[in-house]
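Dumping the structure here so I can ask a few things about it.
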Amino acid sequence: MVYPGALHTRFHHTLGAMHLMQLAIEELRAKGYEITEPEAEGVTLAILMHDIGHGPFSHALEHSLVSGVTHEDISALFMERLNTEFNGKLDTAIAIFNNKYSKRFLHQLVSSQLDMDRLDYLKRDSFFTGVSEGIVGSDRIIKMLHVIDDELAVESKGIYSIEKFIVARRIMYWQVYLHKTVLSAENLLIRILKRAKELAESGEELFATPAFNVFLKGKITRSSFEQDPEILNQFAELDDFDVLTSVKVWKNHSDLVLSKLSSFLVDRKLLKIKMFDEAVSERILTDLRTKLAGNWNISMEEATYFVFTDTIANSAYNLNHDRINILYKNGEVKDLTEAADTLSLSVLSKPVEKHFLCLPSHLTNQL
Amino acid sequence: MVYPGALHTRFHHTLGAMHLMQLAIEELRAKGYEITEPEAEGVTLAILMHDIGHGPFSHALEHSLVSGVTHEDISALFMERLNTEFNGKLDTAIAIFNNKYSKRFLHQLVSSQLDMDRLDYLKRDSFFTGVSEGIVGSDRIIKMLHVIDDELAVESKGIYSIEKFIVARRIMYWQVYLHKTVLSAENLLIRILKRAKELAESGEELFATPAFNVFLKGKITRSSFEQDPEILNQFAELDDFDVLTSVKVWKNHSDLVLSKLSSFLVDRKLLKIKMFDEAVSERILTDLRTKLAGNWNISMEEATYFVFTDTIANSAYNLNHDRINILYKNGEVKDLTEAADTLSLSVLSKPVEKHFLCLPSHLTNQL
Amino acid sequence: MVYPGALHTRFHHTLGAMHLMQLAIEELRAKGYEITEPEAEGVTLAILMHDIGHGPFSHALEHSLVSGVTHEDISALFMERLNTEFNGKLDTAIAIFNNKYSKRFLHQLVSSQLDMDRLDYLKRDSFFTGVSEGIVGSDRIIKMLHVIDDELAVESKGIYSIEKFIVARRIMYWQVYLHKTVLSAENLLIRILKRAKELAESGEELFATPAFNVFLKGKITRSSFEQDPEILNQFAELDDFDVLTSVKVWKNHSDLVLSKLSSFLVDRKLLKIKMFDEAVSERILTDLRTKLAGNWNISMEEATYFVFTDTIANSAYNLNHDRINILYKNGEVKDLTEAADTLSLSVLSKPVEKHFLCLPSHLTNQL
Amino acid sequence: MVYPGALHTRFHHTLGAMHLMQLAIEELRAKGYEITEPEAEGVTLAILMHDIGHGPFSHALEHSLVSGVTHEDISALFMERLNTEFNGKLDTAIAIFNNKYSKRFLHQLVSSQLDMDRLDYLKRDSFFTGVSEGIVGSDRIIKMLHVIDDELAVESKGIYSIEKFIVARRIMYWQVYLHKTVLSAENLLIRILKRAKELAESGEELFATPAFNVFLKGKITRSSFEQDPEILNQFAELDDFDVLTSVKVWKNHSDLVLSKLSSFLVDRKLLKIKMFDEAVSERILTDLRTKLAGNWNISMEEATYFVFTDTIANSAYNLNHDRINILYKNGEVKDLTEAADTLSLSVLSKPVEKHFLCLPSHLTNQL
């Protein structure tokens, strides 16, 4: 919708993260830190499967298709299923993934503020979007990794690369992942799904693939997955195309809300989006919805599908998670925020929050 | 299937070819060859629309979805439709596209052995597949274009670039476009469509989007498009996802042939493919099909979906089309094949033909 | 010495900066800001000549070859000379360069905290050193330039690119321009020149090209240039090769200090360098020099050529210079440090200072 | 002179070729072909030293600085000298380099029609000149190497890459290495050296570094190197800068021929160059020289420095050298020219010869 070159997939990303993991294993072994063959296999499988629980449009539809079950939960379900299929050969991988393995640094390679996941996706997304500010020296950062007290640490001479990595991540969030047009399109899709589920649940006929239908017609929760193993199979069948193909058909649905929302997305006539430092008041929302209800002859409830608000937030460096350790030549280890001579990372670690309002373009002059 | 990085689309290609067209217009104007504003707009629109008639999976399904109507025919239908919509503003573009415009060289920019189409797709496909041998110096070739006697000509100092362009095209054909795995997958898809149409025509229930259904259930010919304007609308609705989503559902169809073929494609268990210099004999085909019919308990007719043969051919430089003109400093113009000091292009212009045989892997030891 | 790929030259940089200037002119004109033809030529010539006064090894030898005359002074002398030669055609360029031209923003394109000079060298040096952290989205920044109240301003949506630009510049300073090995080599070269001048001034025979001899044998000051126009001609004859070729010959000079220093540089046996947060005490220096004087049987004065200290400093964003203006959609303009939501630039604008000590490697265990 | 970006050095090339050699060793070992540790070290050292005997401006000045001794001879002298220094540790490397080692394929990796030298320089020179036609898939070619009957062979599926490699080499020769402007500049430099040696031998005073003087003042032959070991030391001291710095000084020499030629080179006012399919007749040369002798009031002998002719030749694939072996899946090995389906390589293997004439630009209207 915004960066037409960005057609790369989660499959590419996963292979890339696995490639970086292999570089990291080689590098750490070359420095004398022990990683046994089963551990190397485990940490490699863990990164290969780290995103396996993502459904179509991942984060965007995470809470639309299913209820009360995160993509991490579903990843865990897939790993268990695969582990059964492979007779327990994924035990180590799963332990590492869940941070239950004795060598904690292996988990950090899979999931931390400097994991192979981030090192891959920032570089890959920069390349394919052309946002050169996000480029990260992944190879160089890996070359400077050490393990101190069972935690990853980066040599102090790499501090500028780390600083750059944090800044790059921050830029990619605001310029790409939370780009206004992206937000608008994602929120449109969320509302299309919401409406479609409402219609499906109320017995309306809706075009959809069999697998997609399972998630449209019923409320699928954590316990659904646990009680019926077939649910996970159906989830595995789903991809972006099931959704997109259906949305394309829904353009002609008799429900005005669904057909309008679907047309907006397919024909790329997105809702306008406005950003604010403070939350949008209920009064403004009500005024806009009232206006729209009149314009289009719809109910106030239906108007909420076209006029809505939400909040986005991001912090480039999260003080509440694992910190990034900096290793000095004298053997000392400091947290990144205390390492001399870097940017005031307290600034970067302060979460930034923004509010947005979506609405049909003809209402923008009401603001 | 072969080059996982090659996710670029026809949309990208079209924008790229349009970009090259603009460079070519600028270059030719700077050299004093007249291209008026309407002509510039026309030739730009012509390249923008040159592929508009391609359906899902373009060349592969060109003769499966529809009968007796080429993508060029459908392109023409779309252009007429758009021209009506835009009140005749596409007259010049259409004339150039159809080589009916007085300045013939404008058509050559859109379609010839050195057109902006080829200059874009060779470079783009090289980049995204990583087959560095296909890289073409598009910018440099454009810098050397002239118009002599209403035909494009290339300055003689660019002869090595042209030679390289021909060789690159040849390499891309055999290494990418006609790659064995690509051929096998395309032919599988063709047979999936063939079977699905047979079932649909015989009244079997088949999952498909409404638009896709139109082409599955009926035999759509040139006259269908002419008699019912709605057919073109439905064709425009189709994309790769309609096909892929349906094939995914067909994995579970009750027809063994359809479900097997669909599973093979979705699960990437392609038929084996063997290349031969000579055609595969009927006797060999019959032997293999008999064997398979026994193995899988299917009819000989059904076996033809899994054991089949075909021919591919390509010539890097086609002597029967517009030649590539080389312009010498003394004003003389020669055909590329006569230009001194180049590769014997007669060799490159000889069509190369190969035959292939597809079959399930368990039968390969029967060869 | 550190990045063997970094063989690019000031000539490349100057052409690159001129290229960016042309993009900037086009962009600003397209937005309706007037830049007349003579102004466009002037600002282009100004950036083309902005570094013309740099002698061999530019900054490193700026105060060794000549005394009391900066490269900016010499640039001015060259521009005047060229202006005479071209009958005043450089008047506008010189006025812009010296910030004497009525449209102040033209000077900012040549010299400010966001000039075409920096946009080129950061990107170029990143590319050739392979330090990917320094990559700058020059094209994108230029696309967002405006002129408000005769000053350059950047659209607020480009604030992340600017932030990245500041961080990139900071990284390039500490990781490339002030790299320890670079510092050590530059300081060795400075001392070679110092020793060579001493010897030349005291009448010793020294190999050198005629032009280089002029600067070795005499103390060349601002007034030397003013009184004898031939001095500027001789300066123009000098390049890095005059210096390097001479240093190579000086390896065999009878003076122990000159031959040792020259051998160290040519044979890449650089002095060791240590970084400190605080200045190195006189006592430490005296101890080290005393030790060395004993080791090598040289005078204390001669030992200062091998044991010495100095200070380096850099601030990524200088609050005392022209600020970078951020232009909001409502027309408001703020200084970068006040623009909402960016890094605390007060942190980035605090100058960082470091101290270094160079010494022969056998003395490092004395520290 | 032609491609200002092409500042890469023989040092870069040598490291690059060594890198490719390590990939080739890994690849061949992974396929089960034995390369012992001493052999791996030997073949790596052999490629590292393969160009060590090149003096300043390598091929251009090979027959100007010294007489009757090739760069291969000097490489051999350097290797022997280094081998003495390293107590015979280079024995294997030297044997491989001289094709005296039992495993002949190791020599082919260093020197053949598909050696690591060519795979590096074609790719490197393409990159730095921007002549994209010369790009070679070095990594892919190495991945397809085998050893059959102690000779390198390439898998048949790589035949298009090899074909492309041959065509790329051909293009790089005519478009880069034998570019008209390059030829003109090289021949100017050759004549500058010739004149300088004449003057030096006749006792004229000439600016030069001590090492350069050794080669200017005397006729240095193979036996000079053999009789006086110091000659090799002096040769090792020489680099491009000795030559360029001297030429810059010679602009002001009292000899008209030397000063004119030197000014032409330094001020980039090269002689014009014309290409011909046939040799330039003596009559034409005499006419042009007579004219010039009159114009500039110089002797006919002096005029030969400004009006001269020579021949260049290249064949893309040399049938008289080691052939390139193509390995088929059935184990059969064919010479490239016999491999089915490739370009008629007999065409590519026919040497192409051209003649050129250099002359001052004011004489070009006499042709």
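Per-chain numbering from 1; labels A, B, C and D assigned in written order.
Here is the rule we go by: contacts are C-beta pairs under 8 Å (C-beta built on N, C-alpha and C of every residue); 3 or more make two chains touch, one makes a residue touch a chain.
Keep in mind it's a predicted model, so treat the numbers as computed, not measured.
Colleague: Which chain is most remote from chain C in terms of Cα centres?
Modeller: Following the centroid criterion, the farthest chain would be B.
Colleague: For chain A versus chain B, what separation do you get between their C-alpha means, in angstrom?
Modeller: For chain A versus chain B, the centre distance works out to 36 Å.
Colleague: For chain A and chain C, what's the span in angstrom between their mean Cα positions?
Modeller: About 44 Å separates the centre of chain A from that of chain C.
Colleague: Any idea how many Å lie between the Cα centroids of chain A and chain D?
Modeller: The computed centroid separation for chain A versus chain D comes out at 54 Å.
Colleague: Two or more other chains in contact with one residue: find those residues in chain C.
Modeller: none
Colleague: For this structure, enumerate the chain pairs that meet the touch criterion.
Modeller: Chain pairs that touch: A-B, A-C, B-D, C-D.
Colleague: Which part of chain D faces chain C closely enough to touch in the complex?
Modeller: It comes out as residues 4-5, 7-9, 11-12, 15, 207, 209-210, 237, 241-242, 244-245, 248-249, 252.
Colleague: Would you tell me which residues of chain A are touching chain C in their complex?
Modeller: Spelled out, the residues of chain A in touch with chain C are 131-133, 135-137, 140, 160-161, 163-164, 167-168, 170-171, 174-175, 277, 340-341, 343-344, 347-348, 352.
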